[in-house]
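Lettered A, B, C and D in written order, each chain numbered from 1.
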Amino acid sequence: MNITLEQAEAVIAEAKKKAVEINTKMNIAVVDSGSNLVAFIHMDGGWIGSVDISMKKAKTAAWFQMDTKELSPLVQPGQPLFNIEQSNGGLITFPGGVILKNKGNEIIGAIGVSGSSVDDDHAVAEAGASAIK
Amino acid sequence: MNITLEQAEAVIAEAKKKAVEINTKMNIAVVDSGSNLVAFIHMDGGWIGSVDISMKKAKTAAWFQMDTKELSPLVQPGQPLFNIEQSNGGLITFPGGVILKNKGNEIIGAIGVSGSSVDDDHAVAEAGASAIK
Amino acid sequence: MNITLEQAEAVIAEAKKKAVEINTKMNIAVVDSGSNLVAFIHMDGGWIGSVDISMKKAKTAAWFQMDTKELSPLVQPGQPLFNIEQSNGGLITFPGGVILKNKGNEIIGAIGVSGSSVDDDHAVAEAGASAIK
Amino acid sequence: MNITLEQAEAVIAEAKKKAVEINTKMNIAVVDSGSNLVAFIHMDGGWIGSVDISMKKAKTAAWFQMDTKELSPLVQPGQPLFNIEQSNGGLITFPGGVILKNKGNEIIGAIGVSGSSVDDDHAVAEAGASAIK
């Protein structure tokens, strides 16, 4: 099962609405379950360093079938996955990557958001994910 | 002067309309004049190898302020820019990247299209570029 | 639709049988339709430079939904896709990458073979592909 | 002395048996003593981000002639090898990479396993290593 462009556009529209609501300028990326990019937007005036981060967050979530915030505690010094970010050409393991599931609970892709605090990033990603029914 | 997200979305919508019309499944990327990605879509079933190519076409056009098809003859063996593709982490120098100008004739970004023949790719990119008034 | 490990192992077994038959030492890679690696073998004494080439052939076929030998004429100097190999972190566009289709004619992955002449490589890849019924 | 494909396949078969037993979906890579990939499998539904991690674990073990879990304490902040992961195009220094020795106690390669907790990963790698007599 893979996300369609129509679904990805709905995810981005919902995420963007939330980003505007909380007065942020986000980069928003959606990938399919195989981690390939399906859709992306960069909001006017947003950080351009976050273009890549939003994509890496979405890919990281798809690669490991979990939200990136699940990884954050595990990658700290002394923790089991310390420096896992060296793999796959670079992971992003802080909040803002959220998996996308269909109503059958199958993973169909992931959304990655970057451009504000990690809490804001995660909230916008969650809003985007809610667009999949 | 830089393209806005609203303009980039209009460019993509117009390009997508053309892609559907000529029965192709395209990857469509829009970058600003600084070559940073502003918007992207992958049409369902399109080549996933063209995600990267569409972006590289858009970036190549923005980097050199010309359509990628202008570069094609110059990069052949024996010609002045032979193997220029080795620069910038990889150029794509065949048709499908088109610069975007505003009505004041300033370059505000570029569109890159990949997913079919290079003639189709270029036609879809031109259609997208026409959305900027 | 994506290839299973069981199918990938059958593809590799068949390819390896052919490689032995024609007295070659091959590297054989199988990827899914999203271009992610599913299975790989390096035959004893085979070229180690072909580990990467076999994977890139499989990925190139999956990325563009066609056998790599279809690309070979198109990437020559003066032809439409000259230097397309600069994309996606490196393509291999000579024979030896073959798409894998199920009986419903859907692409479920690709096989890449490297370690001998490109004709041998392609023949071994074709043999592998025949394992999918 | 280097591992043969036949040995590598036995290692993978044993590791896979253990992975099934403990209900995990692993990526399993075997490299020779020169760190070149000999065989690999991705179990259905396993994390695709672990394709690369399993290979990097195997290579890291082969590169330093020790299990990756020996490296984990040494790479922490303030410890002698802090950030060694920056070398060789990326190391993975947490558990799951195990060296493979023949009965003469010579290193003939390494196995890397990724797809579950690091304890599970290491247990599956150990199971694989036991296939070498």
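Methods note: a contact is a pair of C-beta atoms (placed from the backbone, for glycine too) under 8 Å apart; a residue touches a chain by one contact, two chains touch by 3 or more.
If you're wondering where the values come from, they're calculated on a predicted model, not measured in any experiment.
Chain centres here are Cα means. That of chain A falls 25 Å from that of chain B. As a whole-number value, the distance joining the C-alpha centres of chain B and chain C reads 29 Å. Taking the mean of the C-alpha atoms as each chain's centre, chain B and chain D sit 42 Å apart.
Within chain A, contacts with two or more other chains are made by residues 34-36.
Chain contacts here follow an irregular pattern that is not a line, a ring, a star or a complete set. The full set of touching chain pairs reads A-B, A-C, A-D, B-C, C-D. Interface of chain D with chain C (complex): residues 4-5, 8-9, 34, 36-44, 48, 51.
In the complex of the two chains, the chain A residues touching chain C come out as 32-36. Contact residues of chain D toward chain A in the complex are 47-50, 52-53, 56, 72, 75-77, 83, 85-86, 90-95, 117-118.
Remark: chain C residues 34-35, 59-60, 62-65, 77-78, 80-84, 86-88, 91 touch chain B in the complex.
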